[in-house]
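Heads up, the next two complexes both have chain A, just with different partners, chain B and then chain C.
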Partner chain A sequence: MSIATMSLRRRMRERGLDAVTLLVIPGVVFVLALFIYPFLYGLVLSFTPKEGGWLANYQKFFSDSFLYDTIYLTLQIAVPVTLLNTVLSVPVALRVRLLKRQRLLTTILVIPITLGTVMVAEGLLTYLGPRGWLNRFLLEFGLTDSPVRLIHNYWGVMLSLVITGFPFTFLLTLSYITGIDPALEQAGAMLGARARQRFFRILLPLLAPGLAITLALAFVQAFTVFPSAVLLGAPAGPTRVISIVAYQAAFEQYDYSLASAIAMLMAGVQVIIIVALLGARTLVFRGPASTGKG
Partner chain B sequence: MPITSRDFRELRLDRIGRDFGQVHALRDVSLTVGRGEFVALLGPSGCGKSTALNCIAGLLQVTDGAIWLDERRLDEVGPEDRGFGMVFQNYALFPHMTVRRNVGFGLVTQGRPKAEIARRVEQALALVRLETQADKLPGQLSGGQQQRVAIARAIVVEPPLVLMDEPLSNLDAKLRLEMRAEIRRIHTMLGCSTIYVTHDQEEALSLADRILVMIDGQTRQIGTPEELYSRPAHPDVAEFMGYRNLFRCRAETTADGLAVTIGAARLWGTAMDAVGGAAVAAIRPDDLRPTGDGPIDATVEIAEYHGRDFYAVARGGDGTELYFRSPMRVNPGEPVRLAAPRDRVLVYAI
Partner chain C sequence: MHRSLGEKLWSIAVWAVVVFFVVNLLAMIGSVVVNSFGTRWFNTWLPAGFTTQWYTLAWDEFQLPDILVVTAEVVGAVVLLSGLIGVPTAYAMARRNFPGKQAVMLLFLLPLLVPPITYGIPMATVLYRAHLAGTIWGVILANLVPTVPFVILIMIPFVEQIDPRVEAAARVFGAGLGRLFTQVLVPLLTPGILAALLLVLVRTIAMFELTFLTAGPTSQTLVVALYYAVFAAGVRPGQSIDAMAVVYMVTTLVWLLIALRFVNPTQIVTRAKQ
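This part shows the complex of A and B:
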């Protein structure tokens, strides 16, 4: 029987379409209604400014250093945090992989995610404040003469992003690392490679694709920082991140069109960074992290 | 640079043991492997043979005993410094490196000059007949080819000892036979001492100069393949060596030899221990043959045609299952009389 004479149902099945395919409909509707539509709406809105030509919002953003500097300010926070969280995750995950009671440690590390950024920020305000435990301890033991300023500036935002971001990068990294066949490291050891060589020649190249994904996701999370930049940072100064400017445009100046344009620029920066990361990933090995039967 | 070199006389395991918590995975195993010797560790899965191999490799620490390479104590040396080659069950090839770089890895960690690495890798690849695949990634190779890369990678550093952990278990039957011959050929050519872990008695018999049979973490017997095959020291070893017929019996020494009574049948046997009274008789299916006047009465239940002969299962009058081979056709339901030569009925005390 040729394909042309098969019943419609059989031809659909031949292409992998059967009743199960219908289950994707709710998902598709959800994505269309809550992601694609608002995005397109915002995109169109950003080109219909309150006054001026269709590019007026973008012209305004890039002509006002008070606005365009926020890209640089946000990157200044997001890039170091992303790198720090990812770089810290690797050795911790390498060690945790060998633990028998992994679950307990993993649970402890995941708690900051469940607390949410606002609660972590509140906690840090008290803990790191001028009368907080940390400064009292430092003053009591004479380690410093005046309270160390760790809130309402760059470092406060940085610390809160490490606390909420690290568990996330750690869990991702752990899952990538446990996906690497331990026999590969053993094979390296049998061939005379010491711990350092095993890490740089075997583990790291196999981990690189996973690290690229981790970096991309951690970056997106850090770049869109808002609550901790307001609560723990100096939202008028060094931690005037791009999401604050978008918020101010929308809810203080009621210029939704400009706010949409800023949101689009945020998305643009993120896309550029992510494409660059995933592009770099293709330069290294991209296959599975183990070889089984051929 | 490994501390060991190819010039050694013997590797000695001196009563090594390994505990995992309360579990004794390995107890009191002693073995001496001479230079150029091929020794197989044979046993059912979970018997501790891979544990023993990992202890020799240094990937596991021994909890008892010592490992010596000539006068040098090895069990406190890390795997990096032992300089042994190892072929893993799943090959453990580095998936991000080409075949050439996989094979050259051990030479790179030794800091050899580039020209020497290139030359020796080329030689090793020629030895396993993979010259044309040198620039492929392991994922692009078939199972048999990956296996050859793993072997080349282990031998290129010219280790004093090559360890192989069930290297053929992931291959299909035909390829397994081919690679078995290949391993034998490479061993003969290079003369490197080899310790080979397997659960396949045929593999062990065909490859090894000596076999250590391990059951429950302990040595049951060490001997040449011939010794193990014809005179297993213990019913467990006999079972493992293909003595499928293990019968509870009564044995008594008479003027004419050892008389064995299995159910209603009476035949002659060979004593493997000091036997008398209750005993176990072990007979290989190949040694149990149908004859017109055999002492064992049975009815054929299953007969499989194997080309050269028939492999059959029969049931005795008391319900015992008997496995035998027959050069002529036997049919299910037929009565049959079976006999075995006196020296092929091995009797063990229980």
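This part shows the complex of A and C:
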């Protein structure tokens, strides 16, 4: 027994496989069983519809405007809010990085991310409602004659995505900006570059890879908006986003096959956008953001 | 550096955006808190009077004691299990090179990058077929999907900071893998484990989508119960929903404050080194 197992063990060890390496198994098995397997199962299930040929679910989705419109409606919410949050984040992060005491601001901004979309939806229902403080303020100072309608429509969802999304893009951008060596900008300043030139010629190119990742993550989050689209939007109308129809297919019509197909389409749109963003990233100049010897 | 008028105006504009955002955020939270204590509140800045009756109402009407127990069970189990699975895996990932390591790393990154509602629907389908969804175990398993990789990715740099000679010394003195973990690694990794598990705790309390898709009537956590309460608004007084929202907020923010003693706020977003 001993010689055979010893040599096997030795051969395994030479390839880096010993008892310690085997500790990855629980983690790998877990992710395979509860993430990869369900995804593949959903993919197969989406091609085995309740009735009709193997593509019936996808045909149904793209022939029913009630279903395929959701992609357009979701993009209409997700694209502007992603751009707005990211574009706002850059100048704010550029200022905040100069602060010595950022901690208070970053702590305040991490609150809405932690509270999550359900809580933000309930908060905005109270705050933006016809009797809420915002309308109180607008009426009191004569900025409007009648309460502004900001809930149960497109704007409610939009604002909830700003409240949870802006801190997210800001904190990500801040972490990328603080990774850029300030010496590069100082060198630019010494050579006579103005603030605007320093931003467009030095900082922005160095920040571009990080911004592409920020845009991708922010977009994916906004694209899968769910609780606030139901609670704060008009889930039967302008904020009938794709996750709502996926949920309804699964848990109201019990058509898991159609629901899986919608989930796969959702994943497909995300992949297309992410690949496009990361592809665009490589078109921009890429150089080392921190000082190196190279 | 001399700053021109344009630069000063620009700076003021940027800070105005920040102040505007923070003021609205705090007003949003404030209006929930005030409303939960208010009696009647119509066309005034503050309610006519203050009361705590909505908390007693919410406590009974929404069965808050049951929900809080379920929430504590789910969160406790998720924290414990993601630590037990994640920390050893992170140790192996940090210390060993093996064929296919890049692919395994990608495997752990995916559940953190794909948003929960996308993979949650097929995952809930599988859990329903396995008769696990609707039970507390289904909720726990669903919540572990993002937290196990999260713990792994946070712990890898913490393991890398430990001098491998410490482990070698323990091995020389005859410690097996079990004793190496319990007596050497876990004590050395305590700051990292604490940070990772506190972040898992905060994220699990607030994890809506995965719990919502897998929970049954007896396995709802606080955030899902809050969703249903807001969804059925009009059935109960708005103030009692806000009272429940305050209970949820306090639960989340207390743990957030504890977590922030050990981690930087930016770490909550960046998750892992990129």
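What we mean here is this: the second predicted complex is superposed on the first by the 269 of 294 C-alpha atoms of A that agree within 3 Å, B and C clash if a C-alpha of one lies under 4 Å from a C-alpha of the other, contacts with A are read in each partner's own complex, and residues count from 1 in each chain.
The rule is simple: a contact is a pair of C-beta atoms (placed from the backbone, for glycine too) under 8 Å apart; a residue touches a chain by one contact, two chains touch by 3 or more.
Model, not experiment: these values are computed from the prediction.
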| item | value |
| --- | --- |
| First, second, both or neither for A:W54, with chain B first and chain C second | neither |
| First, second, both or neither for A:D181, with chain B first and chain C second | first |
| Contacts of A:G42 with chain B and chain C, given as first, second, both or neither | second |
| Which of chain B and chain C A:F62 touches, first, second, both or neither | neither |
| Which superposed partner A:M190 touches (first chain B, second chain C, both, neither) | first |
| Chain B versus chain C as contact partner of A:P26, first or second or both or neither | second |
| Contact breadth on chain A, by residue count: chain C or chain B | C |
| Which of chain B and chain C A:L206 touches, first, second, both or neither | first |
| Overlap of the chain B and chain C footprints on chain A, listed as residue numbers | 189 |
| List of chain A residues in touch with chain C within their complex | 15-24, 26-28, 30-32, 34-39, 41-43, 45, 88, 91-92, 94-96, 103, 105-127, 131-134, 136, 163, 166-168, 171-172, 174-175, 189, 195, 213, 217, 220-221, 223-224, 226-227, 230-231, 243, 246-247, 250-251, 256, 259-260, 262-263, 266-267, 270 |
| Residues of chain B defined as touching chain A within the complex | 1-2, 57-59, 78-81, 83-86, 88, 90-96, 105-106, 109-110, 137-146, 153-154, 157, 170 |
| Residues of chain A touching chain B in the complex | 181, 183-184, 186-194, 197, 201-202, 205-206, 284-285, 287-294 |
| Residues of chain C defined as touching chain A within the complex | 1, 7, 10-11, 14-15, 17-18, 21-22, 24-32, 35, 41-45, 85-86, 88-89, 91-93, 95-99, 104, 107-108, 110-111, 113-119, 121-126, 128, 141-142, 144-145, 148-149, 152, 177, 202, 206-209, 212-213, 223, 226-227, 230-231, 233, 238, 241-242, 245, 248-249, 252-253, 256, 260, 264-266, 268-270, 274 |
